[in-house]
Each structure stands twice: as structure tokens, then as C-alpha cells.
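What follows is a pair of complexes built around chain A, which joins chain B in one and chain C in the other.
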Partner chain A sequence: MTENEPVLKLENLQKYFTDESLKDRILGRDVSPVRAVDEVTIDLYENESIGVIGESGCGKTTLLRTLMGLYKPTGGEMYYNGEPTSEFSKAEWQKYRRNVQIIFQDPFNSLDPKFTVRDTLKEPLQVHGLDNHEERMHRVLEEVQLNPPEQYIDRYPKQLSGGEKQRVSIARALILEPEVILADEPVSMLDVSTQASILTLLSNLMEEKGLSMFYISHDLSTVSYICDEINVMYLGRVVERSPTKKVLREPKHPYSQALIDAIPVPDPHYNRERTKIEGAALDPVDLGEGCRFRDRCPERMDICDIKPRFVDVDGESIASCHLYYDHESADPAADIDERRLASGSTTSGVEATGKAGDN
Partner chain B sequence: MSEQPILELDDVTIQYRTAGGMLTAVSDASFTIGKGEYFGLVGESGCGKSTIAKTLIGALDDNGQISSGEIRYKGEPIQDYTEKQFNQELRWKEISMIPQGSMNNLDPIEKISNQAIEIAQVHTDMTRAEALERFEELFEVVGIQKSRIHDYPHQFSGGMEQRAIIALALFLNPSLIIADEPTTALDVIMQDQVFKYLDEIREEGGASMVLITHDISLVFESCDDIAIMHSGQIAETGDIETIYDDSRHPYAFMLKGAFPDHRYPDRELEIIDGYPPENMGEVNYCTFVDRCPYAVDECREMAPELEQWEGTESDHLVACFRSEDAYEEHQRSMPESDSESTEVHGDD
Partner chain C sequence: MLNRIPILSRVSEGFSNAGNHYAIRNFRNALGKMLDSRMTMVYASFLVFVLLLGLVGPWIAPYDATDRIRGEDGELLRGEPPSLDHPLGTTEVGYDVFSRMLIGARPTAISGLLGGTIIITIGSLVGITAGYVGGRTENVLMRMTDLVYGVPLIPTAIVLIAFFGVGFIQSILVIAFVLWRGSARVLRSQVLQIKEREFILASKATGTSTPRIIMKHIFPNVATMAVMFFAIGVGYTIIIQAGLSFLGVVDPFVPSWGVMMRNAYASGQVGNYWWWSIPPGLMIAFTVVSTFMFGRSYERISGGGDDEGAMVQAG
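Showing the complex of A and B:
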């Protein structure tokens, strides 16, 4: 698959929000934008699932909404099968929306309470003018293991449990036979006993249908069940990209380390130290060009006021941190600049090693 | 435990009046919390854990009632206390509460210091100056600059606001703190910051705590004892090591197996099919029966009682007719435990 083009390709994608009032404009005042997503570069290949992990406010939801086409990027480009989305016509957007489907976080609010399962599944079929409604609906309900479909198809959301609702959301995303699934914390609202079954279902469906997935979450302990590779995001920027198991075992960026060290461990015999990180993340406004994590980072150095480059730390992990490159020697081979990252050569190398480790 | 326990629940049943009849939220629940002990109450949504929390501070919804059983605080039955008694005798100075960290537990238009002063004036005879001094001390305990007691709630981040609430909960030196999902709305780093301070309070040995949560890992890290609830019934209770090493109720060991542990990213997660029932009227069956792979007819005919698990000296209680066989069957069905070899988190 590495020879192929990525299904979705984000190149220095940027989404800034400017809250500029009319008065500011008249007086010619500059308002600093909120840099919700700041130069994010990610490639998503066929049948690959990539996680984006971060705390609230790190820009992961903005990124997802930009991917859905709900926000227009303020910079950079998004390519779908090689075509830049900024030049899409209305018809091309419709096609994009059919092929890129989303599963929302909250199954309790993302289903219309006045729609039966049938209505929920039928709507996308009608919008996109597909036929064989009944057959498609039955098949998709079987795929998400709501068996027998007849028993579920006329129910309203209130007649479904949380896990069943989330299965309906997944069915709604799958019924158009998309190429890409965008999943926004699909298990975080579910009880732990149902979480596992939804995760298993999602990863089996990915496999069977050759889907690609962007999986967005704050929960690092469940992400390993879905994603091959994850991007750790902090205040709008990706700070580390590693195979999932690698980042859990050996996080490279100080922020990834802090994040993983703070995950509670369900084992009373394990003595975990509480976090040493102080304070909370700031708003991504006027933070300058330096590393976004520098004010909370235990490893802070003077150089951190300069924007860190992405470097290949050990052939698997890529981190944007000054700790991992020699600033004296200007050896260009040691760096990975964004162009090389975007071309996918490094990412696919990472992926190949990650896959080999899995099996 | 020769010392007087702080809190005892004895066969407590709590019901809500609904249009469809009496909904039983908590059914014959019993547990005991000793002085200085941190007690974790764990279960999924709707299991009745928050109903217990509300009952303990006399804040049960209007249609709720304690139908039977006894709740004793320091030996004194409190289940029939009136609102006035709760206010005068218990709230804040004896039992305080840390509610869910959902950012709206403080009055948004009142400085935090004024909210503290109000609590002091209603519940104690502290002067204004004494109250402020005490509150400043507590801000330092929870790691916020003392000058910030005069801030408004919106000036704090989520984690700081939750710590300010902890300062309020500690303010009048209560013997029991009820923390209902105190960090659920917080990010993991902030959650850890909050628990760092809860640890410190525990080391000082001042207060006991009931930690109510769906997250079993928080309890395993921070509590002494644990009770696991399923749909109104307490399935199993004991000290955390015993429950971790040797849980016997099918729900308890399955819940443990369903919980992801980032140290073992390859471990298969246990799936518990189905969902908890809605219990109307008297609950004379095990509420886990429809989800339990080990259930027999007996489980539908009467409710299992919490009984001492043989072979342990500690207070390890299990409410299951089939605890022995179920555990063995479960062990046999497990794939070979190779989790140790796939451990990835090679810390320390």
C-alpha cells in the first residue's frame, strides 16, 4: 500500500480562528488568532488507522471538523485521493461526504430521538440517491451485530442501550460504504463492559472492509486496540508520531511521557508516581513560535523558544523536540523536514516496523 | 476494627417513586468505612452509586426514599435525619462532598472566598478573619496560591477549580468526604494532579473518603477498600489487593478483565454482554443474572447475600451463589495468561 497514494493527506493543515469584532476592524487593530490546528501534516493510507491523541483543547476536534469539511482550513491543504479539497466543486464535496463518514462521541445525542433505526439509516441513502434500501439496511445491521435486524430496525433510540446506540451510529456511517471513517472518541461515553465490544467490532470491520480510519481520542489505554500509529497533539501541533505500542512503551516527547505517566494503572501492586507536571495547558493564542509545551516541560531549555523541528528519533518515533537533535552540527541528514514527512517516506517506514512488531 | 467506624450501611434499600411504580436503585447494600479509610465504590452507570452518595448527605431527589435498612454515621443512625438536622449537624463540618468535576459546582458570580465565608458562618462560629485564614491555608494544601482565594470561579482552569472545591470540602475538617466522580470531567494529567492532593490528605490521616467512580484503576491506586456494585446490589467488597488478586463474583472479575491497562496493549478485553436491568419493587434475584455466563436457576429465585469468602481473614464479602464454580470456569476459559511476557511498560 505504500506505493499507493494516501486516501487522505493533510499538508501543513492550519485552522486559525479570529474573533475580530467590527470595532477592531475599523480601528485597524490586530487580533491574535486562536491557533487551534497549526501546521498538521498526516497521511492516511488505505486500510490504515491513525490515532490523534490529546487533551481537551489540543485541537483534535477542530482537526476532525476540518476533515469533515465543516471548517475551511486557513492554511495548508487537504488532499483526497490526490485531489486538493480546496478546489472541490459542490458535486465533488458531495462525493467526498459520502466516502468520508463520521462516528460521533456521544451516541445519546447524535441520534435523532424521533427517528427509528430505519429512519436513521434511510436518510443517508436517500440523500445520496441509493437504491435497495431494505437490503442495505439489513446487511449493515448484521454487520454491526444488531441481530436479528428485524428486532432492532423499528426501535427508537430510547429503546436502545448505550452500546446498541453506538452500533446504530456505526451502521449509519457504514451504510454508504465509505472509504474513510472519522471516529470521534466513539467509546468514551460507554461503560467499560461495552467499550471492549465496540472496539472489537470497529477493528474487525476495518479489516473486513479495508477501511481507513482517523481515530480521535484522549484515552491512550483504548487506542492500542484500534490504531497502528498515533499522533500526539498538544495545543494545535503534533508533537510526536509513533507506532501505538511504541509510544506506550517508550514515549519520546516530554509531553507524551507526561501523558502516559499520568494514566492510572488498574493494579494495586503497581506503584505509579503521580505526575510532576504543574498547571494546565494555555490557550493557543500568542504563544510565539517556540515549542508549545515549553512552559510546563520538565526538560525546558533556552532553545525551546525556537520552533523545534521534526526529527526521526530512532527509526520508529518522530518527535518535535529539541532534545533529539544536535543543534551544533548542521547535518541535514539528521533532520526530517516537513516536506519529507509529507511525502510519506518516513511514515511508511514507521508503519512497516510497527506492523512487524505486532505479529 | 475495634475503633468506632465512621460510616456503616446496613441492608440499605433506596427507591424512587416513578410513574411505573417503585424503582429500586439500591438494594440491601451494606458496607463499613473505618476512620481515615479511603473506600472506593465502583460500578457502571445506573448501578446506584451516586444514589448512595446523595443519600449520605441528605440530598436524595424528592421522589427518592430510604425504604429499609440503617445508615450510621459514627454510630448514630442518620437515615431519618431531616433537612435541618443534616444542615446543622452533618453537612460540611462532618460530611462534605466533592461533586463531579463538571465546572459548575461553584457560584459563578461570587468570589470563592465569599463562598467559604458563607459556609463558615452558617455552620460554625468562626469569624470572617479566621475563616479566610483557614481557607488560605487550604489553598496552599491543594497547591493554589493563597492570594487567589479572592478570585471568581471562571478565573480558574478545570483542574484548579476542582482543587478549590476540594479545599472547600476540607474547610471545616470533616471526618468523611464523599467524592462523586471527582475527576471524570478532567484530562488525565489534571486528574493526576487532583489525586496527588487527595493522597496527601490521606497520608495526614484526617478524613475518610468514599470515592465513587466508574474507573476501577483510580480505586486500585488510591483506596484501601473497594465495593463493586451492579444494578443496585453490592457484588463484592474487600481490600483492594484481595479484590485485585482474588475476586470471586463474576461481575467483579469480568469488570476487571474489561478494563484496559496500557501496560498490556495486546491483552484481550473481556466483554460483558447485555446491560443492567431496571429493578422495580422488591429485588429478589441477582441483578447480574441476565449478563452472567455462569448463572443458574437459583440466581433468579432469590437475591444472593454478601457472605464472607472462606479462606480469607480480611473482610472479603461476595454475593454470589456460584462464586466457587464460576471462578474456576472463568479461569479455564481464559486464554493462557501471557500478559507478563507482552508487558511493554518497563518502568522503574
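Showing the complex of A and C:
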């Protein structure tokens, strides 16, 4: 791996689900796809941790499963150490799977009830044909602070507490000494004191082992604890990307602002501003072009029917919002054209999309 | 994503090395727990008793199945009521009922075990493959199952036996090739549930092969249910075979309990010789109830006990 090359690079990654029945196909009906993940571009560098936040149904889980290689992207490309995954051979996928490991949200579901801790940890070792099983298992259990390992290794999941189960899940992810950890809300099902210890454990491990982490959550407070950079996702698209501190202090996109406003403040006398957004997120079907947040946005303008560009707001934050660039000076003619296109005339929709996609 | 075609052959290959340690370990754990439950012990001991009879019955029986008993005066003892010499009396043609009961345990045990084995083998192959592979494979397999569901068991059995010839083994095969449908359906739904759980995804994400996931994760997690269906299959095969015997479409020369009832009925003396028909009837009833209850409690104890619906769906 060369210097400064991202370990994992997503380029306009797209995952649409089309539920086309035989009848639709015979009648030649067009079924609108569910745009679960739409043109997501993220770079993950070595020893960096990137957070993706967003409400339920915004495509976080689909993104994660695409990253795991469980779904095939319908568009865009995913690069692992510079190699496009769409051209991976079986052996390369196996290598990818060894180096990209996952920690799930629900510790009660992420361990096989019929497996002891030993079986759970042994499986990845057997699949990848590694030796020194006992030694590796003991070492990894010590790393996740299940001490002494002998006391835990022959237990079944039902004999472990929630926090201990999650430590075993982390151990399973670490035992292959991966480069990247995908974490799907790894602490959201744990109580608060356990959350803190698991988060500390994760961030220590990252530092010690030089891991990169892709952390997915809906909970800003845990994300900010562990991530360097946060991507805010709404209905399949990333709407803002900023360093963690920055997004907490001055969120740019109206949706991020609403998210930050919604973080509870542990002071009963603090009179915080109520969030201004109402309603629920739409289904990601037939959204048309334009900003996906436009129906709930307190700052809604006419121009929001056009897909917003990604603009660099102040050198640190990148937001996809019309509030942050001057349309007049950019290219007024093009924008007006696009507006007309978006409101329903026929030709060159492709062109408009292409333009909007340029950051 | 999944390699669809070779899966069947590889799964069946996997079954042969199913003697892996944790399958045995889980079974032992569950068995240990069952010994704590008194009612389960009663059912289990009755089943063990029937199995033992099946093994040694013909040797400990005082008379052969076809020995015609004559009294001291050389006359056949027809329809003799129970006495010390003949604890369950004799039949109309002078057979010793008690001996025939002991001898009849073997065909009953054989038909139950064979039927149950075939049922659970086909049922779990179809159910697990359909559930895990999904897509077109699932569609084909489950429509096949639905088709079999449309088959009325007893009339079909009679017709098929007419084709293949009246025989002991034939009757078991016919029953088993219809009754796998229930287990296939329920096991498929179980697999559908399990395959979405995160430990399967984690295993996939590590690069575990499909046959290995099925053998190591899916099968152990539906095994308790499979054991229950095996037990139910044993019970069903026994009782339906008894029904077929009574209808006279089973080999009358294999002295199973069902055939004994048939003979008693055919002689026209059921009302007079109660000792001839009631004991085999009770034995069949007790055996079947025991297998059902045994399977049920095995599943309840080792499966966590939250599957009330399975027994109902099994019919």
C-alpha cells in the first residue's frame, strides 16, 4: 500500500433495490427502485475512524452490508487498497474478508447460541487456515479484557452478560488482525456504563493496532467519542461531511443542525431550542431530483428542487446544500436550465445529474 | 453471492460428518436436562421399554408367533381368556396373545424408526435448502411441498400400495414419502428466521463457505426442532401404519400390533375376545403418545421453550 492511499475508498457508491415481479416484466412496467444508498463517496485512511450517522432507514445498514460484500453495488465503485472490488476474484474476496471485519449492534444476536466462545473465535481462524489457535484466542481475549481467558473461553453466550458478549464480538473481529473494522452501532444496545467501557476499549485498540474504523450509528454522542470525521446521511445520500468537533460546534446542513439540536443536554433547567423539522423521512422511492431533505427543511427555497452540489463551506466542512453557494455567480444560465428540467421537461436529465455530481 | 447448484451435494456430504463434537455435546446437554423432568422420564422409559422389546421380544416370548396352542386334551385353545399360562389369553386360532405382543414390538419399532428417519431426512434437506438458498430453488421446493400437502394420506397410501405391492416396508415408505411435508415447511421457516441473525452475517463476512455455515450454524440451531419432528414422524408412522394394517393393506404375515387388531376384527370376535384387541391398541396408543411428548419436551427443554406454535404447525 502506498502512502496516502485510502484503505477503503467509496466512489459514488450506489445500491438500488428493484422489486420487479414477473408480471411487471411481462407488462413492461417500470418499477422505481428503492434508492437505499445513492452516490456515496467516502475515503477511509489508515488509522482513521469515520462515522456515518443518520436516522433509521437512511441507508446506513445497506451501506454497511455493501461494504461487507453481502450486497453487490448497483453503481459506483469500492476500492480496497486501490483495487476495485468489482473485479475481485474469489481469493481476493477472501483476503478482503480477512482484512475487513465487522462488529454488530445486537450482542444478543451476534453470537451463535450453540457456540462457545472458543467455537466462535475458532471459526475465522479455521476458515482462513491460520494456526496457533489457542495462543491467538488467548491473546485476543486478553486484548478485549476478558481476563482470565480460561474463565470465559468455554462459556456459551447465555452465560455472558451483554457487555461480555460485545467483547466477544470484538474479539471475533480482531482475531484475524484486520485493517478495517466496520462497526454497526456496537454500543447502542448496552447500558450507559458498559457503553463507556466498550467505547474506550475500541478507541484504545484502534490506537494500539493502527486500525481504521467505519462507525455507523444514529447516536451522535457515541460517534463523537470515537470518530475523527463524521458523515451525515439522509435518505441514501451524504449531506454533510465535517471533522467531528466541527459538526458538533457548527453544523452546516439544516439536517445536521436538527440532529445536533436533538442531542439531550443533561441539565433540566437548560432551555434548549426545539428542533424545527417535522414529519418523517420519505420512502427513498421516486424522490425525483433535488435535495432529499427539501420537504422537511426549515430553510426551504425554490432552488431546492435541483440537486445541490457538494460545496466546501469553510475549508473544513463539506455540505450538500444550496445555502452555501452563490448560484448567481456560479453559472446562472445552467442553474435556470436545470430548474426547468427538474420541474418536468424531458431532455438532458442526465446532463443535469452529471453536473450536480461534480464536487 | 451463494453458490446455488452444488449446495445439495455438499450438504448431504456434510451430514455424513455430522458427528462433530458440538452436535453430540448439545445433545448430551439436553439429555442431561431432560433427566431432571419426571414426566419426560416416564415417556422416555416407556420408549426405551418398547425398543428393548423390539430387540429381545422374539427371544423372550414363550411361544412362537405361529405356534397354535393345544390344551391337554389335544384340542386347540380357541379364544381362551387370560390365565397364568397365557397372561393375555389366546386368539381364535389358538395363538398366544402375550407372545404375539412381545414379537409385535419389533415391526412397530422398525416402522417407527425407519419412517421417522426418512421423514426428517427429506424434510430437513428440503426445508433447510429452501430456507437458506432462497430464490427459485426455494420456490420449486416449497411448491413441491405444497403439492404433497394436497395429497390425502390414507387413500394415496392405499393406491400406492396397490401399485407397489402389499408389504411391510412398502407401507412405511409410502407413509414417509408423504409425511415429510410438515417438517419441511416448519424447518424452512425456522431457517428463514435464523439466517437473518447477525451471527450468520458475521460468519459470511468472515468468508465462511455456504455448506459450512449450514452445517455449523444453521443445522445445530434447528436440530432441536428436527429431533421433535423425528419423534413426531415416528409416532405418525406407527399410528398410520396401524391404520393401514386395520384396512388390510399391510402384509398380514408380519405380526405387528396393527395386524393383531386387524385379525381380531376380521375374526368377528372383537366383542367377545377383548384380550385380543385391546392390549395391542393400548400399546400403540402409549407408544405414539410417548414419542410425541418426548419430542415435545426435548424441544422445549433444549430449545428454550418459546416455540409453542411448532407442535401445532407440525400436523
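What we mean here is this: the second predicted complex is superposed on the first by the 327 of 359 C-alpha atoms of A that agree within 3 Å, B and C clash if a C-alpha of one lies under 4 Å from a C-alpha of the other, contacts with A are read in each partner's own complex, and residues count from 1 in each chain.
The working rule: a residue touches a chain if its C-beta (ideal position, glycine included) is under 8 Å from a C-beta of that chain, and two chains touch if they have at least 3 such contacts.
Being a predicted model, the structure only gives us computed values, none of them experimental.
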- Query: Where does A:Val232 make contact in the superposed view: on chain B (first), on chain C (second), on both, or on neither?
  - Reply: neither
- Message: Going by the contact rule set out at the top, does A:Ile53 touch chain B (first), chain C (second), both, or neither?
- Response: neither
- Message: Which partner chains sit in contact with A:Ser169 here, chain B, chain C, both or neither? Use first/second/both/neither.
- Response: second
- Among the partners chain B and chain C, which is in contact with a greater number of residues of chain A? B
- Query: Counting only touches as set out at the top, which of chain B and chain C does A:Met213 meet: first, second, both, neither?
  - Reply: neither
- Task: Tell me which partner A:Thr194 touches in the superposition: chain B (first), chain C (second), both or neither.
- Result: first
- Task: In the overlay, answer first, second, both or neither for which of chain B and chain C A:Asp112 touches.
- Result: second
- On chain A, the footprints of chain B and chain C overlap at residues none
- Hey, which residues of chain C end up touching chain A in the complex? 1, 22, 26, 197-199, 201-209, 212, 216-217, 220-221
- Message: Can you tell me which positions in chain A touch chain C when the two form their complex?
- Response: 65, 68-70, 72, 93-94, 97-98, 100-102, 104-106, 109-116, 119-120, 123-124, 127-128, 169, 172, 176
- Message: Using the touch definition from the top, list the residues of chain A that touch chain B in their complex.
- Response: 55-56, 161-163, 191-197, 199-200, 218, 220-222, 224-225, 244-245, 248-249, 258-260, 262-272, 274-275, 277-280
- What residues of chain B sit close enough to touch chain A in their complex? 44-45, 157-160, 187-193, 195-196, 199, 214-218, 220-221, 240-241, 244, 254-256, 258-263, 265-266, 269-273, 275, 344-348
